[in-house]
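Two complexes, one shared chain (subunit A), two partners (subunit B, subunit C).
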Partner chain A sequence: MSTIVQPVPRSVGRQIGRTALDWIPAVAVFAIGIGAWQGIVVAFHIQEFLLPKPTAIGHAFWTQKSVLWSQGIYTFKEALGGYALGSGLGILVALLFAAWRPLAGAFMPYAVAANAIPIIAFAPIMNNWFGLLNPFSKMAIAGVLCFFPVMINTLRGLTSVHPSSIELMQSYAAGRLSVFRRVRIPNALPHIFTGLKVATVLSMIGAIVGEYFGGPIEALGVKILNDSSYGNFTDAWAGIVMASLLGIVFYAVVALAERLTTSWHPSARAFHTE
Partner chain B sequence: MSAIAVEPSRRGIVGALPRAAARALLLPLGLAALWGLWEGYRWLGIRGHWTWPFKVNDTNMPHLSKIWHAFGQPLQPDGPPLRHYLWHYALFTGKEALAGFALGAVIGFLLAVVLAHSTLLRRGLLPYIVVSQTVPILAIAPMVVLGLGTKGVNPWVAVAVIAAYLTFFPVAINTLRGLHSPEPRALELMRSYAAGRWKILWRLRVPASLPYVFSALKISATASVIGAIIGETPASLQGGLGYAIVNFNQYYSTQPANLWATIIACALLGITFFLAVVLLERLVLKRAPEHVA
Partner chain C sequence: MNAVSLKGVSKQFNAGVTALDGIDLDVEPGEFVSLIGPSGCGKSTLLRIIGDLTKPTAGTVQVNGKPAERARRDHEYGIVFQDAVLYDWRTVAKNISLPLELLRWSRTRRNARVKDMMELVELTGFESHHPWQLSGGMQQRVSIARALSFSPTLLLMDEPFGALDEMTRERLNSELLRIWQETSSTVVFVTHSIPEAVFLSTRVVVMSARPGRVAGLVDVDLPQPRTSATREEPRFFELVTRVREQLAAAGAPLGETQEPALVEEPL
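This part shows the complex of A and B:
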């Protein structure tokens, strides 16, 4: 399922800038954006149900913060469970495919086709299979969503090794296992992280959209849907702010893990020195 | 950079023929294997009374033949068969997705052209474009559909807006990369001919960006279908596949095959969009030296 998202390439990261000075325009845009939003809503008397004021959303977020937090954590746990399940399985399957290529040749066309279908449409099926109130039903859909990008990216990383590296290893009489351990897996790390970063967002989307099709009242997705269908749009936006914060933190944690584990990689070095 | 779109390596026609034949053979084989897995698991599960990870029974795993038959069964007595409804639902959702896809692709492309020419705007806007990706965008779907709906906007337009939102990001980021992809030497050559910004843009940067744009469009094609389907569900917008999913989901315990048939229709719609972009890419990039995945 060609996901809703794709990784942000390093070149884009470079264009955003790294020093504090580079961030000034971004901070200015944030301030202007929020200010303009507030100004437009006030000036044109836009009704609350269409677009609430940022201050109203902030107020709703603050007054409901403890409920939002517990709902957010409930949904985040579902997303995290699905993420671990889907990504772990994706990496394992990719290792299997890389070790035994004919298997990959037979299955990859289906993986590509699976990429093109809206997998999220299976969310109601998962709810029926595992039970509406069972968190595992949301973990399952989040896991399926995470599986494909992680598997395909990992396989790409494992197989895009420079032939001369393999030849060098073979000239040292290295076995298959040590070629995997010392060449293929380290080489695949940046690709794996590309998949893992995409999967963070997908797992959140899987959990929340799974809850749109039904779930316990303790869940964030159920809250957002209920609030918006009863017309409490400000509260619903506060829920979205919570979902976004959790999504951003999740993504940032994985991006940090990438920094820590792949800082030695040529692509990361180029990123730092250019 | 496309997260997952896997490019086939391009060889000559000679190499392509046996590969096409192998592929044609692989498809029925793979479908047969899927059928065998499904029915095998079902048979074992029902015999062994499996309850983990889910209870295997006629409701949870209907016979595939039953799902196939569901396409031909009428919903009401003497009514048209299900496939008639699904066809019209798919056309409706496809229209929303196509409108959103076109809108998102144009906005994404124009945004990239603007950003490519201004470092200041890039510094100011790009972080938010990137952060927008870490936000579970579909969470906003109910807000947009219900909010615009109460304002008297045609609901399908609101759904198209969501599809557009999912489309624009990959296109904007990839186009920006593509516009910056020409070699410095090529830029110098253009400048030595005294070519202006517009000329460089149209003669050099845009053609160079096309492979990048198409690899984004392939991702966006499915994303727009996802946006349209999910956008329909909160509004209970009648007449689309998202509505059909919600509707048949309520009768799942008695007629599970209908929901499965609807999901198959969703899958086919997604694959159709993807293949349409692939076809367009082949036509437009016929003479491109290589594809950049």
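This part shows the complex of A and C:
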């Protein structure tokens, strides 16, 4: 029999990320956006307390960079703690639900209902429970925000397995644990990462909103709130930029982890071949 | 001892539909038996019953003298579905070694067997590829290699080439016969295609639909090894005609015994 297709060597570089060329449109959009912002503010004489110029925000960011950094890291640690707690619990609960369907039947409606409550409204209550200055009060809010998207995506990944994939394992007389380890969990990985990526940004939002309801002066959310109250809007914007940068980096790190652990996924096809 | 022994096997689904009604069938070791019949004759269900993936509502199933469930637990059979059912997160080599992992073979022994299997299905060089990087025909060969990797005595194949184009299908037919002879396993093969059933089998089981019954048996006395020349022999056409007539006698509308329309449509 003739084998026409030859094995194709794959480049590792293309597996990891886009090439520089692929980034040009995104960078162009950024430059045009910032330029338009600056132009509009200058052209229409928009007051600084309404919308500061990007150059002014940049200047404020640069002069306060060390304090912004330390405040950012303080808040980021809260977000990270909440992220680990909420996502970890989300994955664990999804595993339990997938392993034992009656459990999912009993608890799922309440998980959905709880998710419909504006959880940020619980921020003052968390501060009350765990203490205004205790980072755990912010971790709790971030964790609650992260839990649901991670849980629901993981559960979908664990359960949306093609029936014949399971039957094949049955034909090998594989046990339940083996089916989880070898089929359900790998099948769920892309879904888990979808949840984990959404949760990165949610954890930052949770931590900062928690800080709006009171927190130590070392925290970024408290800084943004104080700057706004004293009318230092340019400084507040610089704080927002720091929060966004940390959120973006957090997201990118998780996205990179996804790329590395699920490079087998057909969606990585573009990175494998021409 | 028979490789497969079915006595009075019936299957009713919950809705009250009788999929199979009183199937008696014995398959001897080393036989290549095809199950053919119209859609809804329960041939896939019968294959799944032999493989203990579905329980019959009545009757007994013995594989190598054991109840089907015992045979499954003893890894007596390998199964190949219409879809290759390869795991995307595993490379080709790791897909093939999956059953060996479950059988707790050592890594060295696994690697040696995977190498042999890659040679058997002529895919050497593709070990570290992922399934979706292969063509449909290559994927199905990986699936066959995986089913054979642990040397099961019985190979169950459910329309394994149904989704492939005619040329790939004929090539894989010849390849399957070569593998069957090299491994001296017993094969139970479900198909929609009359020429495929005749070309591959030592015996064709013709089934009728609603309820699924054995309507007739056709012994295929074409000499081995079979080659593409076999498909042009008068005896081949006689046997194809015989199977077709039996299907017609069993009440199968002739159009239905062909490929599913989905596959026939030009892309």
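Going forward, the second predicted complex is superposed on the first by the 240 of 274 C-alpha atoms of A that agree within 3 Å, B and C clash if a C-alpha of one lies under 4 Å from a C-alpha of the other, contacts with A are read in each partner's own complex, and residues count from 1 in each chain.
Note that in this section contacts are C-beta pairs under 8 Å (C-beta built on N, C-alpha and C of every residue); 3 or more make two chains touch, one makes a residue touch a chain.
Being a predicted model, the structure only gives us computed values, none of them experimental.
Participant: So in the superposed three-chain picture, is A:F76 touching just subunit B, just subunit C, both, or none of them (first/second/both/neither)?
Facilitator: neither
Participant: After lining up the shared chain so the two structures overlap, which partner does A:F180 touch, if you call subunit B first and subunit C second: first, second, both or neither?
Facilitator: It touches nothing on subunit B or subunit C.
Participant: Mind working out whether A:F193 is in touch with subunit B, subunit C, both or neither, as first, second, both or neither?
Facilitator: A:F193 sits against neither subunit B nor subunit C.
Participant: In the superposed arrangement, does subunit B or subunit C reach more residues of subunit A?
Facilitator: Looking at subunit B versus subunit C, the one contacting more residues of subunit A is B.
Participant: For A:M108, is the partner it touches subunit B (first), subunit C (second), both, or none of the two (neither)?
Facilitator: first
Participant: Touching A:H265 in the superposition: subunit B (first), subunit C (second), both, neither?
Facilitator: So A:H265 only meets subunit C here.
Participant: Which partner does A:I152 contact after superposing on A: first (subunit B), second (subunit C), both, neither?
Facilitator: Once the two structures are laid over each other on A, A:I152 reaches subunit B alone.
Participant: Quick check on the superposed pair: does A:P124 touch subunit B, subunit C, both, or neither? Answer first, second, both or neither.
Facilitator: first
Participant: Can A:I248 be said to touch subunit B (first), subunit C (second), both, or neither?
Facilitator: A:I248 sits against subunit B, while subunit C stays out of touch.
Participant: Could you pull out which residues of subunit A sit against subunit B in one structure and against subunit C in the other?
Facilitator: Overlap of subunit B and subunit C footprints on subunit A: residues 1, 3, 5-8.
Participant: Would you pull the subunit A residues touching subunit B in the complex into a rising list?
Facilitator: 1-9, 11-12, 15-17, 22-26, 28-30, 33, 49-51, 106, 108-113, 115-118, 120-122, 124-125, 127-130, 136, 140, 148-149, 152-153, 156, 194-195, 198, 200-201, 204-205, 208-209, 212-213, 221, 224-225, 228-229, 233, 236-237, 239-240, 243-244, 247-248, 250-252
Participant: Which of the residues in subunit A come into contact with subunit C in the complex?
Facilitator: 1, 3, 5-8, 162, 164-165, 167-168, 170-174, 178, 182-183, 186-187, 189, 262, 264-266, 269, 272-273
Participant: For subunit C, which residues count as touching subunit A in their complex?
Facilitator: Residue positions touching the partner: 51, 53, 72-75, 77-79, 81, 83, 85, 87-91, 98-99, 101-103, 122-123, 125-126, 129-130, 132-135, 138, 171, 174-175.
Participant: Which residues of subunit B touch subunit A in the complex?
Facilitator: 1-6, 23, 26-27, 30, 53-55, 59-60, 120-128, 130-131, 133-140, 142-143, 146-148, 150-151, 166, 169-170, 173-174, 176-177, 180, 216, 218-219, 221-223, 225-227, 229-230, 233-234, 241, 245-246, 249, 252-253, 256, 259-260, 262-263, 266-267, 269-271, 273-275
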